[in-house]
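The following pair of complexes shares a single chain, chain A, combined with chain B in the former and chain C in the latter.
What follows is the complex of A and B.
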């Protein structure tokens, strides 16, 4: 299963994640992020807020919790319409790649929504189709929360890629912990009790970013 | 300290208006009816002691019946302080608003003092065709103070479906909370949820560089703000 795990977690998996900075572009424009130290603080904040939510919802979807129920619960955890749209667009792109790579009846449960299916739910269904466990699914989700904005940081700020990799290596233990806690949370109770960690600046960044006419990243 | 308070507002059967059929509390969680504001029955939370202090377990239940209207305020900011033992303090609020009812929760901010360990939980159930105004404000530390650990969790259902679930954590147990993904350099943050059936929520509005008002999935908007201090925060989260 290890190769399958690596395939799904690989940034080269054609799921369109490279088009999103998850708020980093707006944080840079607002002057909150200028160098490597702020990028690390940004990633730590994303990992403790977006991390548990994405990892727990992906694990729950992988384990067969109703995607329609998870969809409503994720909307309630995403007050920004721009962030909801970014999640759904990434989910739609991931499902397209997932369906082609690991055909399965698991995709039949995808909730119908004009903008697509939330990314963590799409990830959970794709991981299930690929035969991955809930633990592996949560790890891919938490890892994606880290690596998406990290690669955006290299492009936005012209950072030294070696230093960015060293920073990611420093965050590896935290990423492992977030994903194993998320698996426990997904197994623990009803979908209403899944993690709901929030970050006010995430919503503010998403909405201000959406008003720009010219931008490098879609979110 | 353990304390339990409860307020129930019901519509008057003939002639309209609202009557409080229950109003009880224990120190330090005391409730007092004050002058009606804009014709709305208003109740103030009156802190009967400092705190919440580590170890305190406080609970407030609010019930608003069909056709009744209630506004809840507090007389002063609530300052979460460490107790002598390491136990956390907890303040749980539950609210139930029946169809045609209206609840406004507009308390003063919660302040996370140094070394506090406080958990604030709010669980709100809004029936179809009911109105809600719900304000949360958090100040991270008193003047020049680094806050302890505080969790502010809000869960709202409208007509039985999830509307808003948020949980903000600040302090030493929340990695990255003071960084550019969560609060940045802001010392104050807060939100105002407005549930108002029958009125289109409209599109998102950027109110300022650190304030947005966004439509939720449901007949509601959420204003989300980070600010340098309590005054700048309140400028965005005033009653309307």
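What follows is the complex of A and C.
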């Protein structure tokens, strides 16, 4: 399944991620992120807050936990309406690509919501359709939390792409740990006990960003 | 899939239905709107062309527009300010600094915008998808649109058709805009026409000045022909 794993994790998989900076654009505009060092701190922050939540929910969805229940739980962990919308839009895009790539009855359980299905749940269902394990699913989720804004940082700040890749390599071990911890968290207990790490500033950034008239990224 | 295009295209790579495609493959139950992509370099007049087509066709076709300007609402606001289309018929898509990606490699945001427009407005005859300003290599995915128009302008230099690139070479219609500026910038329209023909074979090219022809008449007529063929 290694190739399948790489296909789903690949930034070129057409799941709409390129249009999202996951709050980085707002952080840059606020002057909180200006260079490589701040980007690394930003990514560590994302990895330790959004990372466990996304990875655990993706793993749980992959393992067959009710997507409708997970949907409610993720809403509860996403206080910012703008962040909810961004997650649902990315989930909808991922499902569009997933359904076309790995047709499966697993998608039948997708919760109906006008804005789409939360991205980690969509990822879990797509990964299950592709035949991936919960471990692989969590890894794709954590990896996406890391590489999405890293790619946006290269475009927004004109950073040296080699230095950004070296930074991602430095974060690889942390990403591995986050994903394996998330698998353990998803394995036992009710969905209400899934990770709920958050970052108030990320929610504030998301809300501020949504009010801009002019922006390059959708989130 | 769309019916045959109204032109020959033997020597040009194209995405129209292949002759070997199954002619008995079922069509969608509800024939969807004809989708036309409009691409071209920054400042060539893409939004002006969209506005002109809205003026020309807005009264006769059920029409909606998706814009991909890098500054999300810029183009949509231009269309609204000019009163050429009601705001509910326009959606703007953010492209994360990747105008190419949004119309070619990862078309999901544009497809979402189209589906949202169709859900909100009901059946449509024509959807115009305007790309963000880009360079000569921009082309639309056939998963997003049925036909594409590439807009260049004489002020960008009369060498543009000769340079070619996928937009100039393969677009279903090449529009050379701002012909009124040709004498001011020393552009030779006959050179552009000759080069365009050399690059494009039988694919059509039109020269116009949207500043003078506010309805972009030759382009609007080309679109009318496609829409008529699509509903036949």
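The rule we apply is simple: the second predicted complex is superposed on the first by the 219 of 219 C-alpha atoms of A that agree within 3 Å, B and C clash if a C-alpha of one lies under 4 Å from a C-alpha of the other, contacts with A are read in each partner's own complex, and residues count from 1 in each chain.
To be clear about the criterion, a contact is a pair of C-beta atoms (placed from the backbone, for glycine too) under 8 Å apart; a residue touches a chain by one contact, two chains touch by 3 or more.
Note that this is a predicted model, so its numbers are computed, not measured.
Q: Of the partners chain B and chain C, which touch A:97 in the superposed model: first, second, both, neither?
A: In the superposed model, A:97 contacts chain C only, not chain B.
Q: Looking at A:203, would you say it contacts chain B, chain C, both, or neither? Reply first, second, both or neither.
A: First partner only.
Q: In the superposed arrangement, does A:41 touch chain B (first), chain C (second), both or neither?
A: Only chain B is touched by A:41; chain C is not.
Q: A:107 in the overlay: touching chain B, chain C, both, or neither? Say first, second, both or neither.
A: neither
Q: Is A:15 touching anything from chain B or chain C once the two structures are fitted on A? First, second, both or neither.
A: So A:15 only meets chain C here.
Q: Is A:195 touching anything from chain B or chain C once the two structures are fitted on A? First, second, both or neither.
A: The answer is first: A:195 touches chain B but not chain C.
Q: Would you mind checking which one, chain B or chain C, touches more residues on chain A?
A: Comparing chain B with chain C, the partner touching more chain A residues is B.
Q: Figure out whether A:214 sits in contact with chain B (first) or chain C (second), or with both, or with neither.
A: second
Q: Is A:143 in contact with chain B, with chain C, with both, or with neither (first, second, both, neither)?
A: neither
Q: Considering only the touch criterion stated at the top, classify A:73 as touching first (chain B), second (chain C), both, or neither.
A: A:73: touches chain B, not chain C.
Q: Could you please specify the touching residues of chain C with respect to chain A in the complex?
A: Touching chain A from chain C are residues 70-74, 93-98, 101-102, 105-109, 111-112.
Q: Residues of chain A touching chain B in their complex?
A: Interface residues on the chain A side: 23, 27, 30, 32-33, 38, 41-49, 72-73, 75-77, 79-82, 84, 174, 192, 195-204, 207-208, 210-211.
Q: Which stretch or stretches of chain B touch chain A in the complex?
A: 153, 155-156, 161-169, 174-185, 189, 191, 203-204, 206, 209-212, 214-217, 222, 224-226
Q: Going by the contact rule set out above, which residues of chain A touch chain C in the complex?
A: 12, 14-21, 89, 92-93, 96-97, 152, 155-156, 213-218
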